[in-house]
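Naming follows writing order (A, B, C and D), and every chain is counted from residue 1.
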């Protein structure tokens, strides 16, 4: 069993999710490697110290370059706001470290192009954390599609609906700041759906979008904390929202399929309502992450009197099943999804394979994202550049 | 109790639905009128005779003008394929008869404009059978919106998914013929969603659409019968499909809301999956006709620890409830929806009010439909003409 | 096309449901007979006159024996409270008339035994209105079972949950009066589940029950009207509830299966929640009348990676489908269920077959009902007498 | 931050779940303690070594008494088959160690009485792993009940349905051996429902049960491994099943409520279908662990036109929410449930409070379990001894 040392940059919710995955992954999958949580970097010493204690890192720092400069560290895990990804990822790659980076990979395709160039030159492994494709039910959808079980794909209809910022008094997270985030709902959650569309259907060739900012000002937060949703601060100072609250786009895929995507964080009653429905010539698939143990599938070759959408609960017989729990319905949570993601990352490193999804996908999705914003601005069909 | 005499033109599935409604409506609602099923017209004498016997009409004819020319007849019910609506409706109006006409009102807005002009001049009552807004749960959604319970509407996401023509060997109904139908899925089922969007949100100002024909040829049927779906004929002669199988469109409403609509008859596993979700500043609504007893609603002013989508089963406390069944869940079927529609038609006649929806809405939806087809052809945002 | 004349006894909600079915049945099914709504009897002349006008009967009376004594009348339809069934059914049978009678057939098995004896001797057709087995999805469950698709049945779990009397201020319908109703929730709705269990699994051999009366007094209603649920009267006079509000019973079937049944009218949020789940050696079935277009089915012989509960929407390919609507999801409501029931009744008459379910089943269910009440009283396993 | 050392006895699926929880709990909750995974014991050295490596224990042994005899170890975690619990728990308590033990606590109430006596005398903390009550949605149900939101409870209807042993060729786990397991489905999963009933409603006073063994022989497994479900071995040797495959029982609670419970592992299509529905005078609750992020609740004091079951997704505003993920729907899996359980165990230790549920509940549920088996044997109502 090999040991690899990890340096993590960032200390909030995603740091927890990744740290859990690092601790848990050898209990679930046999990748031949154990991760040592070596150093965590956060915006100041106190935050970093607290995060180290909580998440189990041996060292902490308020200077992320300490991690880059430490030759003992094998892996850099970037869970900071988006505007910091480029500098950090490039530095990590140039230092020869494998990288896992939260999504979106950058604020725009210019940034992601630069990142991609460097990591490819450096020859390190790189993964972008579009974790939802790691849900076993999504991996099962991919398997059915590849086996031809639903035939040629006709269309894709995706949504990602949340309500943590539906209340105009919910705080001004950095996620509402274009300088930091690049875009709003589109980059934050819309990109997850784009990744699924790209993964399950094919490359996206053209888009045609509307964006809207429903709440123009929100109460500011102290520092750059990222309190989501219903945690209301008493702060009466308001700051400007500079990104989209909602995006709807039409999609044309390179394989001829068509589709649509809607993402909004102003959908009361929806929380992590990441759904897709795909209709093919021989069947259909439906998935809703809020009920993520389940994949719904309809096969046209069932007899007329017994055809219908079937609810398959993922378990041992499905992707990643051997490593997870012994029966379906014990439950896939956010933990399990992040554990699978970490497993795939480590497996790619140990077997010297390309990560899925790598920064290539991170960059490609950035190109599509840029095209969506351009389309929304120009109000016309826009080709995704390559 | 007044009696009014009805002449029906057309003898297939919709004739049954309307005839049932005519027989049943006095048992459900007190409109002060009883309908006498007087004459039914169909394409030949045998068909007409059979329909009369089955549906309970005293007379039958193979010449629909017999109905128009009979001064005893008060109401004309048009349930023919779309290309015949214009001539029949105009003749009926000019003969001073009240008219209920199946949707879409015409093949395009030029036709519907001519129809509308004549009926308004004639001063008769006119209703277009966008029956789904008559579902009690949809009427309840309208009530919640009008009461302000979900606040200002932000967006609308509608679908109408069926699979009766997903099989490429399902027969070439007239619904696949542009000359007869005007358009395909868009006119046949997409217009129902447009009507709901128009009714619940506001007028539709601009559209931006994709259309696709997935199956280019289908086995022909004898005559102009309209066998839907899984009834496969052995006919090996194939005819050309000249309409859309699928349409996806973006929507901009005149009140500032945005939205999308997807309609397809190639969605394996979906049958009459007419859904909408509406998010407002203060709440959300979801409806799925396949579970039509239910309206899902989320109100933002519920406390944080007990907020969520609520499933309201319609009953006596909801729109049309007093006339229907004594407890929720006994069940709204197609029969009940058509009975409510007939009740609203008769109520408008008896109280000398405008029908909801009238040919005005029928014409307006035709304008939107035309804009969608134009948009799909030109691949750009298109204003709906007025 | 033959015509048969009907006399109906009773004028409330069930009279409407049956009258609708009579008017509609020839539009849906080809039974070779048309029903003429001849005479309706109600508790006084005004009620009877109103019911005749509303439901389309040519004659009315306040003396139900007028119907019995009219030799023109072929069919008697009994939709009165339970305590009147015996006298009416026996009189109708002795007068040589075919009978359809609402459930439960009588207040107890002594009554139903007497009724059964007379109708069998008279040689008339007799049907008891356990209408829920007429739902196409339930008939499909029966078909799957008979085809062996779920193998030997292991168990049955049924519920019937309503909430129209959950409010202690909802009025004292006759359904709370043992003298009139025989039993409470058990007879009113529990018998429907017993009928389904008997129909789908096998005869019920032994029972073991608990019953409870949750609300001991309720506001009285004027006369013996039957206002259900949320219609609250201001009446402050209260009357005693003399029946069960809830029953739970274990079941042993004669074929070795086991099961349970719970029925209550005090289940807030459930309205007509008539459900069953059946597990067999080779598969499972689930049905919920609140979503009555759907039958859920799981087949064990599906491959491990694509096994799960499938949602089949009933349509043309399923029982009664040819007579109903052309695609699934247009919708089965209470109307359609009652239309199918009437069709089966007429079909039995026209083809000289035994009705399903006949008074035999009505009597058998009464025996099971009696055993349940005995069991609840004695607190022990009780065999159903035969 | 205090550190406590853990010795774990047992090395299979539950060892993984507990080990994950130990590693993760400080990342989620601030209990002031960190667990050191010190020693793991398994049936032989190889198994123990493998488990230690996989799960992160520093030491391993094939003699569980090594753990008991090690004075450094503070906590003993027992995840062995049931027949070993007594000896191990008693030894651990006598050695002064805190204990967490998988359910059921023992094979019968005689065993659990002896265990309880010793732990209470020893003054150590003791928790029995009825983990499902730790699901946030279940804890929310408890909160609503305690706040009086659904009023006085009338009834409880619980199920636990699985299908991993529905196939008669699935292997003979120790769970089918009465000597090892004590009982079958009842002890394995039925006890979880009993714990929920006891926790949410009140103590169970009387029971009346049926049990059945549907598959009398199964293929044996090598050693005492516990391969669940669809993992079929080619072994043609068969061994006798000596426990129940299914149990259905009526319940009378000490507070006057009534109820029922059904547990089976032969329910094709159900996997971890642990559900309960509770109706109270003022509302209802429904939970299904297969959709464990959701609690369904209906409040009677909602207005008539907007009453219905509401789906509450648990998140920050609900029990345990602050420690979990920042928005609802990111997802509760088996990991999160076990992490919460470990948190509650550690919190009880650190704050010197009684664990919830402790061995008291473990013993009480054993008494109810015994009564259910006695009732099934004697076919009569049986009081639960105290």
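Some observations on this one:
We adopt the following convention: a contact is a pair of C-beta atoms (placed from the backbone, for glycine too) under 8 Å apart; a residue touches a chain by one contact, two chains touch by 3 or more.
Just so it is clear, the model here is predicted, and its values are computed rather than measured.
Shared contact partners of subunit C and subunit D, listed by label: A, B. With every chain reduced to the mean of its CA atoms, the largest distance from subunit A is reached by C.
In whole angstrom, the spacing between the mean C-alpha positions of subunit B and subunit C is 33. Rounded to whole angstrom, the centroid-to-centroid distance between subunit A and subunit C, based on C-alpha atoms, equals 53 Å. As a whole-number value, the distance joining the C-alpha centres of subunit A and subunit B reads 41 Å.
The set of subunit C residues that touch two or more partner chains comprises 230, 270, 299, 304, 307-309, 313, 317. Touching subunit B in their complex are the following residues of subunit A: 150, 154-155, 157, 159, 161, 166-168, 208, 210, 212, 214, 230, 246, 248, 250, 252, 258-260, 262, 264, 266-270, 277, 279-284, 296, 298-300, 304, 307-309, 379-381. Taken in their complex, subunit A has these residues touching subunit C: 140, 143-144, 297, 299, 302, 304-313, 317-318. For subunit B in complex with subunit C, the touching residues are 1, 13, 16-17, 19-20, 23-24, 26-28, 30, 53-56, 162, 164, 227-231, 270-273, 289-293, 313, 315-317, 325-337, 339.
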